[in-house]
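Here come two complexes built around subunit A, the first alongside subunit B, the second alongside subunit C.
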Partner chain A sequence: MPVLKVYLVALAQTTLALILAPGLVGLIRWFKARLQNRSGAPAWQPYLELRKLFAKEVVVSRSASWLFRAVPFVVFASTVAVAFLVPMLAVPLPFDSVGDLLVVVYLLLLGTFFLALAGLDPGSAFGGMGSSREMTVAALSEPTVALAIFALALSAGSTNLGQIVARTMADPATAVSPGYLLAFGALFVVTLAENGRLPVDNPATHLELTMIHEAMILEYSGRYLALIEWAAWLKVLLFFSLLGNLFVPWGVATALTPGALCWAGTTLLAKLVALAVVLAVFETRVAKLRLFRVPELLAVSFVLAVLAITVSFLAR
Partner chain B sequence: MDFAFGQLAVLGSSLVLLCGLTLLWRRGSAAHIGAFAAQSVALAATVGLIAGFTGSRELWIVAALFLGLKGIVMPILLKRMERRFGRPRELDPYVNTATSLVIGGLLVVLAYIVIWPILDVSRLPTRAGMPLAMGLIFVSLFVIISRKKALTQVIGFLALENGIALLAALGTYGIPFIVEVGVFLDALMGFLVMQIVIYRIQETFESIDVEQLNRLSQ
Partner chain C sequence: MPLLGILLDLMVGGYLCGALAALVLGRGVLARWFTALGAMVGAGAGLLLGILDWTEPRPAGGIDIYWLSITLPLVPESIGHISFIAVDTLGAVFLALVGLVGVPVALYGVGYSRAWEGRRSLRPPGTLLNLFLLSMSMVPLAASALAFVLAWELMAITSYLLVMTEADEPETVSAGNWYLGMTQFGLGFILVAFFLLLPADGSGDFTALAKQATTLSPGLKSLVFVLALIGFGSKAGLVPLHVWLPSAHPAAPSHVSALLSGVMIKLGVYGVLLFALRLLGGGPAWWGGLVLTLGAVSALLGVLYALMEHDLKRLLAYHSIENIGIIFIGVGAGLMFLSYGLPALAVLGFVGGLYHTINHACFKGLLFLGAGSVLHATHTRNMEEMGGLIKRMPRTALFFLVGAAAISALPPLNGFVSEWVVFQALVGGASIPKRQVAVLMPIAVAMLALASGLAAACFVKAFGITFLGIARSHEAEEAHEVPVSMQVAMATLALACVVLGAAAYAMVPALGRAVAGLGGLPPASAATVGWSLSLPLSAPGAVGQISPLPMLLGLVLLLAAIPIALWLFRASRALRVSDTWGCGRIAQTPRMQYTATAFAEPLRRIFAALYRPTEDVSIDFHPESRYFVQSIAYRARVVPWFERFLYDPVIARVTSWATRVRAIQSGSLHAYLTYLVAALVILLGLLLMWGS
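Entry: the complex of A and B
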């Protein structure tokens, strides 16, 4: 019975992530609108968008191959698989034995890779540009994700995300150590780059010549677009949960009692809202970088991650 | 208590180092001056933390000096200088930004290797910050040799001075007051002299690109 319960919690966590993801993105948009003196769409707008897209018919270019139809499912499935591995409500997770942080990084990269293929497939000029840019950004940001989490893994002695969280909770002083803070900075910059947020890509429009994410999905419509958008929103939520739970793990349940799980849910919501506010303020403050400056920003986050590893490895 | 103090000191030192790395990242002079001001404030806070922990009155004075002169007066002087030269023209550095950031990271790793033997000997709770201070010294030297604009080089020199002061504070809880003030005044004089030299460069070449100085030998 307890085994079943553990898996039920994992399933509940993933479902919760899927349900919350559109709301989180809607909340970020609403905060941004308020900060920019606009009234803004309500936070539940993305749910309505999803409903609309799922009801619409799919239009596929005649030159597109089977790949084009398969990609939305691959992207969505790989992101959902990551949701099983990221500690959100309770540790240790039952799927900890299946995959650690390396699996998380490569599952995310798998989605990115297939999305880039889908951008190239219909042969439109925009899609190709988007794919080439996305791969440039991904090649520079994926190592940083791994390095930043490795810095935490070094002090926890395990690459298992659940273990890292449990270790940080057992030893709270490590959470203010410089290695952790540097890694947090690195992961935050990468979160912006991976999710196509403002200094790297503009999530609000597809009318810019320098767009990245929007350029790749320009050819999609209907339920395919809905799946891809949902996966992208889920990715934002997953990165936020990583930022929130790896670096400020308090609130994550270590025992599967209803009270602890409720408390874990509440703290998770609080962390997500806090990060949404931070992101909205940040995106309102900065201007989009020129594309050729993006590698410099990613170099900054890479150096931060290297320093985080150096500090936590050499100064033990 | 000791542990928390050590962590906070290392945290302060990493902030000081990060401001140093900002010099490599940003291009505008205004950003450089802001980074230097923030660095000096972080340095003053770290020295103040050590002063509070050891109860040394001299260190409090040093911290106040850093905050007042380096955190407030020098940035104002630098800003005035920048304004005098009109809009800061962007000069391409000798090494591009992404590469210099990676080199900066490697220099910090080098600093860890250099400081390693001292870390074994030292028993102070602040010792873990010493490699970061050494790293800042290396990074500042790299700023001085890889950037062309005279103003950036001056800021690099001032950051170097910050690194030395931080290393002294972390490694020995502050050198004797008279030496500290001596070094400090030395740097201040250096800064003033450099300011005059930069004015001269600007007047002669109508630019503060130090590459122009090569023309003097022709």
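Entry: the complex of A and C
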């Protein structure tokens, strides 16, 4: 049953992403620790954190409403839905027609939207602060994302992820075209901003006034926190897969043979590890920006995206 | 077609009966229900008529169901002919739109106007609401210039009177004056545009006008288009003609605001499409470029000003400007593609605009009804005095949340789908042969994306500050859920938001048929396979695809799967309710929460170049020590650019002229007689000069 097989691959890919995501973040943390001359926690530490959180009791604020309890599920569901859409192992995926790159971006925005609402729900000042900042950063990174998608669609003739990957594989020269490289740069900055990485936000901080993402989810605990953290880690992995597979698509299986899929898995792992190293080095080299300097960083990525499009126009 | 005729009679009859019921019954529960019933029958019939008229394949030349055809006495028949006819598919879409929002709004009015019982008469608002709905239904049905202008003016007057319902508030009067001024200003331009198109025999039928347009010089055609764009743009709320909108919409009763924002301003879109496509049959590329630019600017400025607003209804009104901008981005792109000979893409642009028109009507209608419910419960529009309403009014909160998610373009709701179609049209813009023009498209994409991102931020603020957290005032603490009729009305529109999104695969081809034939457009070439929607892009064979319905089902499935998975993997189910973490302080008060002002503060700083914010902080220190603060008053304002630099000078000039002219009006009868004689002498002199 070839149809069944395709759906099984999609399911396997999502499961794989869910399993790998904590490890990937653990790996980034470990790399960063080594680069900073610390011994660091092992890369599997996030798995232990998840196990701990799922076993603990949830504490919910007296002022919180039903929305507060629903949000972890919404965030997790929307992020997992994205995992079904992003090409990680094979193209075309059966869900390619369900959502294109824009759907991916806006499904992630859906999660951010509800998280920001949950930040306001318990009525704590920290939550509101985090929500306000998170939405500011999210809104300002939207134009860059849209333009990067525009640039990709110009080259591939489609906003569908499968089509973009297939197109780049068929014509390897596009991957090193200036338009693609600039779009990659733009999306990399957006990856930093959307995932709350340095220099936009510090994922390791617990100093209230500098937090963005952490401030927003401050009231969460137990299994709710586990779901939110897991979704955030999955988001990192999804952005990495997008960066890896849209711009360097080699290794992605086009036929569903066991050999091709194994090779796809191996190359995916290699790409993820490579990007983890890049991120760790980058985060070690830069300092956190003041909140009001963040728009400048996003403006840089916006300019990169504009250049990417201009180049694509000229190259036609 | 007898069915269409019956529906038309039912529509007009329903509205008139509703108006009559309000007039006769005056007050009480029966008056409210019969007024609403008439309006609901009328709107329901209008909706059905619109849908049938729009989707039915029709013989060439249309179906003639002249329902109202009057010839005025004393003027030549060709001029004094007023005809309304249900023939045009484009008009049918807008007719359906009136009905779609009209039914829930009328139902909502039953509960909403209960608060007026004993305070003010129900006669004027009930009658006017029905007449307003009727006039809005007649605008897209008009088949001649005179009929159109009559319906348009009836709409303007009834809506003005509805805005003035609560005229005892000084703000309302000022809002009404702005609205009246702007709408009459716009009408002037529309009239001139129609006059320029009139053929020599004075026949105002749209077919005759369209024929006449083919004989006009390109320059004159462009003039007509620009005049129409200004006239209808002032109704639609395009920047810089938007100033009346943020004051008039909040001043009106909330269900009227829903109609103003959801439907009436959309008829401005209809007017632009009517002129650009049906009467003028398309034009040079710069028409589209102009519309696209105005749309993009409106989208961005609308949302930026909305972010600074803490009056819930004003915030929604500014979002109407944003969404009108998005609609005009689609329409402008469509016009551009049409002039470059890219009909498939042009259809996509128009379809995106029309789709967003319908979607915006649903979610903005819903949001205004939600804001009305909040106003009903708390008697304030100021968000800073709300909070925690989700616990007191859970259903209103849920419906408002659906609307907020839809307007923030979150998938799989309708707002996302139509913005996606507009985005796809703009991506297709890369195939415009002129590169310097094609560059407009990515800029529009960036502005559209920024606007939708900021809209999401704004609605986190609007929903979060209003409904979440702890009540900030006594009124919010004592709030109560609204009557069932109001809840059902909101539920209907919330459902429409979900369904219109899920039905994208059907909506896009249907809207393609609605514009097919206008200005030489083909039907939409969107392919629908199963539940998914594929749109053709620049390269042949390449498409963008989404399937909102499977997306919706998938999300629901995943949502259901997570608790099951948690149970399977034996996650802890313990839950303890406790205090919000307080950093060591003892008690939590509502004043420790983030406010709407604080929420928007980062964006106010980032866009300071536009806002030019001014802040006053006055701190009242404790008399004994300056280390203790008794109270702080913080006030932040932004510069209203358009009011201050565009309108204030004009108004000042007009006022100064009016003051000077006043000298003529001395109040002395002798002086007036002198004017009369002087006028007579001058006229006679002119007659002598030209009479021979």
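By definition in this document, the second predicted complex is superposed on the first by the 314 of 316 C-alpha atoms of A that agree within 3 Å, B and C clash if a C-alpha of one lies under 4 Å from a C-alpha of the other, contacts with A are read in each partner's own complex, and residues count from 1 in each chain.
Going forward, contacts are C-beta pairs under 8 Å (C-beta built on N, C-alpha and C of every residue); 3 or more make two chains touch, one makes a residue touch a chain.
Every value quoted in this text rests on a predicted model; they were computed, and no experiment measured them.
Participant: May I ask you to decide whether A:295 touches subunit B, subunit C, both, or neither, giving the answer as first, second, both or neither?
Facilitator: both
Participant: Should A:267 be classified as contacting the first partner (subunit B), the second (subunit C), both, or neither?
Facilitator: In the superposition, A:267 contacts neither subunit B nor subunit C.
Participant: Looking at A:176, would you say it contacts subunit B, subunit C, both, or neither? Reply first, second, both or neither.
Facilitator: first
Participant: Between subunit B (first) and subunit C (second), which, if any, makes contact with A:241: first, second, both or neither?
Facilitator: In the superposition, A:241 touches no partner, neither subunit B nor subunit C.
Participant: Return first, second, both or neither, reflecting whether A:306 touches subunit B, subunit C, both chains, or no partner chain.
Facilitator: After superposing on A, A:306 lies in contact with both subunit B and subunit C.
Participant: What is the shared patch of subunit A, the residues that subunit B and subunit C both contact?
Facilitator: Residues 295, 302, 306, 310, 314 of subunit A touch both subunit B and subunit C.
Participant: Show me the residue ranges of subunit A that touch subunit C in the complex, using the header's touch definition.
Facilitator: Residues of subunit A touching subunit C: 54-67, 73-74, 76-78, 80-81, 84, 95-100, 102-103, 106-107, 109-110, 112-113, 116-117, 119-129, 131-133, 135-136, 138-143, 145-147, 150, 153-154, 156-160, 163, 208, 218-219, 222-223, 226-227, 291-292, 295, 302, 305-306, 309-310, 312-314, 316.
Participant: Within the complex, which stretch of subunit A touches subunit B?
Facilitator: Per the stated touch rule, the residues are 173, 176-178, 181-182, 295-296, 299-300, 302-304, 306-307, 310-311, 314-315.
Participant: For the complex, which residues does subunit C have touching subunit A?
Facilitator: On the subunit C side, the touching residues are 387-388, 390-391, 394, 401, 405, 408-411, 416, 420, 423-424, 426-427, 430, 435, 438-439, 441-442, 445-450, 452-454, 456-457, 459-461, 463-465, 467-470, 529, 532, 534, 537-539, 541-547, 550-551, 554-555, 558-559, 561-563, 566, 569, 571-572, 574-583, 588, 590, 592-594, 598-603, 605-606.
Participant: Within their complex, state which residues of subunit B touch subunit A.
Facilitator: Residue list for subunit B touching subunit A: 3-4, 7-8, 10-11, 13-14, 17-18, 21, 25, 97-98, 101-102, 104-105, 108-109, 112, 116, 119, 128, 131-132.
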